[in-house]
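Both of the next two complexes hold chain A, though its partner changes from chain B to chain C.
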Partner chain A sequence: MNFFVDALPLYLNGARYTLLITVGGCALAFAIAMAVGILGSTRSAALRALASVYVEVFRGVAALVLMFWLFYAMPLLTGYRLEPVFAAILALGLNIGAYGAENVRGAIKAVPRSQYEATVALNLSWTQRMRLVVLPQAWAQMLPTFGNLVIELMKGSAVVSLIAVSDITFVAQQLRTFTGETVLAFAAALVTYFVIAQVFVALMRLAERSANRRLGRIPARPRRRAKPAGAAAKGGAA
Partner chain B sequence: MTFDWGFVGEAMPDLLTGLRYTVQATVLGYAVALVVGLLVAIVRRGAPPLVAGTVHWVMEFIRCTPLLVQLFFVFYVLPGVGIELSPLTAGVIGLGLHYAAYTAEVYRSGMEGVPRGQWEATRALSLPAHRVWLAVILPQAIRRVIPALGNYLIAMFKDTPLLFAITVPELLFEANQLGGQYFKYLETMTVVGLLFVVVSVPSAIAIRLLERRYAAV
Partner chain C sequence: MPQSDDTAPRAETEAAGAPAAAPEPAPAAGAHDGDGPLIRFERVVKRFGDNVVLRELDFNVEAGERVTLIGPSGSGKTTILRLLMTLETVNGGVIWVNGDPLSHMRKGERLVPANERHQRQVRRKIGMVFQQFNLFPNMSVRRNITEAPVHSLGVSREEADQRAEELLEMVGLGDKIDEHPTRLSGGQQQRVAIARALAMRPEILLLDEVTSALDPELVAGVLDVLREIARTTDITMLAVTHEMGFARDVSHRVLMFDEGQIVEEGPPEQIFGEPREERTRSFLHAVLESG
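Let's look at the complex of A and B:
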């Protein structure tokens, strides 16, 4: 018990770094996912090729390798040394952003064709079409996968301990060395990560509900199966 | 600072030795994940609610916590209770268990896709449990999840650099060592990144082909 009382402030301090990297990485990954995902769903073959090269390359390289490259190799190339936290945010953001881009592209493609045809009939510009019609519907579709990616990114942030950022994992390693309480040190770290993950899961679930409500879709209940599936699935209140 | 191609040539043999460990860890870890994941999926379906619920939460816990910390846990804790492990074995166990939590979900979705009638038929024929699973349910369930399982093989391959942290001499470990020795991080790290792309892009394409072949079941 004593161990936990002494160690708690250290873990909380470590959690600050983990959260900072998670939130920063998510912001970057989200921006990339949206930009690259929308590029990947345009009609221009060149833009689509660009998007898919990005996705394949950054999905193909492990986040840890990318982070090591940014941290160790890039300074030799450019002479500019990145802060470890920033290198981590960049590596995780670029990596998870590639997964997110595929998700965005898939969600945009899943918006029914009739919706596009309606925007053409209404003579909406491309921006209006995306902003008012396509993205709000795609948004509800992409959120569940985004939720998984947030957890992946949060878990991925543990690798920063290898470039000496004092996140939760780093704290656990240090406690192991100094106190010898191997089991407690790592068990406490695992539980801390689990709690953080559950908070993110709950937040994402709230976001999903609000996205569905805005589309006039009632949060799915297993009982409501009376209507034919096609009519119920895409009912829009707007 | 320019890119030293000569050094890349010199470093290649060591890097390829590292790649051998990477591949070894991936294949063994994947085997563990496939077997354990399947057992978990069957237990969650067949066991009494209390056992199934416990297994569910254990898997949820594994899925929500970082692989790196789990690797440390296996690597540092098991020797403490008298189980001596080589770094590679610890890595294979860690990778395998972590991914078992994912493959279990994949198998589960495959089992849910097997029509109810098939379950009812096994009941009507009063088949013994092992025949129900081996002869009826699994052949249908696994077939449709082969592409999803393949995706996790690639994902696992990309997670093997984490074994670097528990001193498995895999690709990143070798690169880091060579980089430190000669201060040639740029060359070694770039080559490691390229090797990963070279392996994972063709495998992603292979998975897409698999998907096309098995999707229309």
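Let's look at the complex of A and C:
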């Protein structure tokens, strides 16, 4: 028991780095996912090709190797050394951003065509259509997958321990080395990651619920809107 | 607001020889320039794959005229509305709106397929109400009606709000302005959709089977609203409908379609009273039987 009491401050300190990298990586991944995902849903073949090149390249690269490359190789080429935390944020953000882009593209495509047609009938421009109608509706669809990606990124942040950032995993390894308590050291790390993940899961649930409520889907799980064929159109709730 | 049972007396007065109908429709207020028709289809061809939906279709609609398109499903009626709304593109021929080509733009002496910017310019005058309402579920009723005028026409928020209130009052939903559209019945949603289309102050209103998705008891309320619009405005209307009573009441002219061509056209009392073509007769017979 003493082990946990003594080690708790160390793990909490490690969690700070884990959280920093998670939040930074998520911000970068989100920006990339939106930009690349929207490009991938445009009518321009050139823009779509650009988006798919990004996705294929960064989905196919191991985040760990990308981080090593940014941290060890880039200074040799450019003479500029990245902060290790920043190298990790960049590597994870670029990698997870590629997955997120596919999610955004899919969610945009899932907005019913009838909604697009209504924006044409109201003479909205492409930008207005995306901002006012398509993205707000696609948002609810994106969130569950974004939730998974946030957790992926958080767990993936453990790679920074390999470039000597003292995150949770790094702390666990140090404790193992100095105390010999291998079982306890890693068990504590597992629990810490798990607790952090639960916090993110809860936050994403809240976001999902609010997104669905804004689309008028009151119960947690949505009933899909009426099919254009006309069969399902029974007026809706009174 | 007129009751839905005013069908009979009105039809009688028209039959009795007060032709408020086609020959001299009310001219649209101001905006229509030139002498030509407001809408002109010139040898318009539309295909979906091998399926020819419209074959060299010619017809005109005058400003202020209310035209109903009837005919069996698959006869191309809805396609005509969708072409006008630029939701589809023509495979041949030209569509003119107010003397401007809608499907094409002028390039010197030649006509080339229209780009997005040209289409936005021309379709500003056109509004559409859909079978499935197509309200935006991410917005309140108020924003459904006000966003497009604010962003597309550049109307101020206050003005758009005020207009939304007036329009909702007109369609009998003044108390629903801050509701969420998914909490309204189908008939109420469709009336909001009508208000939304009118908020853009269109010269041309396209109605695509606007009551087909509604439960029977909700149909009358929507048709009453449309009758009221027909009575109080001079908006040019093109309606695809299976509501023959409504067609008889509001339209100046009825076009009977089959297989992408106009089989017969004329004022409603003629088409419904003494159709000349066998195909019109059998279609009307089938529709009235089932209704």
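As a working rule, the second predicted complex is superposed on the first by the 219 of 238 C-alpha atoms of A that agree within 3 Å, B and C clash if a C-alpha of one lies under 4 Å from a C-alpha of the other, contacts with A are read in each partner's own complex, and residues count from 1 in each chain.
The working rule: contacts are C-beta pairs under 8 Å (C-beta built on N, C-alpha and C of every residue); 3 or more make two chains touch, one makes a residue touch a chain.
What you are looking at is a predicted structure, and each value in this text was computed from that prediction instead of being measured.
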{"item": "Partner chain in contact with A:162 - chain B first, chain C second, else both or neither", "value": "first"}
{"item": "Chain B versus chain C as contact partner of A:123, first or second or both or neither", "value": "second"}
{"item": "Superposition-derived comparison: chain B or chain C, residues of chain A touched", "value": "B"}
{"item": "Partner chain(s) touched by A:217 [first = chain B, second = chain C, both, neither]", "value": "second"}
{"item": "Which superposed partner A:115 touches (first chain B, second chain C, both, neither)", "value": "second"}
{"item": "List of chain B residues in touch with chain A within their complex", "value": "1, 61, 63-70, 72-73, 76-77, 80, 158-162, 164-165, 172, 175-176, 179, 185-186, 188-190, 192-193, 196-197, 199-201, 204"}
{"item": "List of chain A residues in touch with chain B within their complex", "value": "56-57, 59-62, 64-66, 68-69, 72-74, 76-77, 79, 151, 154-159, 161-162, 168-169, 172-173, 176, 182-183, 186-187, 189-190, 193-194, 197-198, 201"}
{"item": "Residues of chain C touching chain A in the complex", "value": "85-87, 116, 120, 123-124, 126-128, 130-132, 134-139, 147-148, 151-152, 180-187, 189, 196-197, 200, 212-215, 218"}
{"item": "Chain C-facing residues of chain A, complex", "value": "114-115, 117-118, 120-126, 128, 132-133, 136-137, 214-217, 225-226, 228, 230, 233-238"}
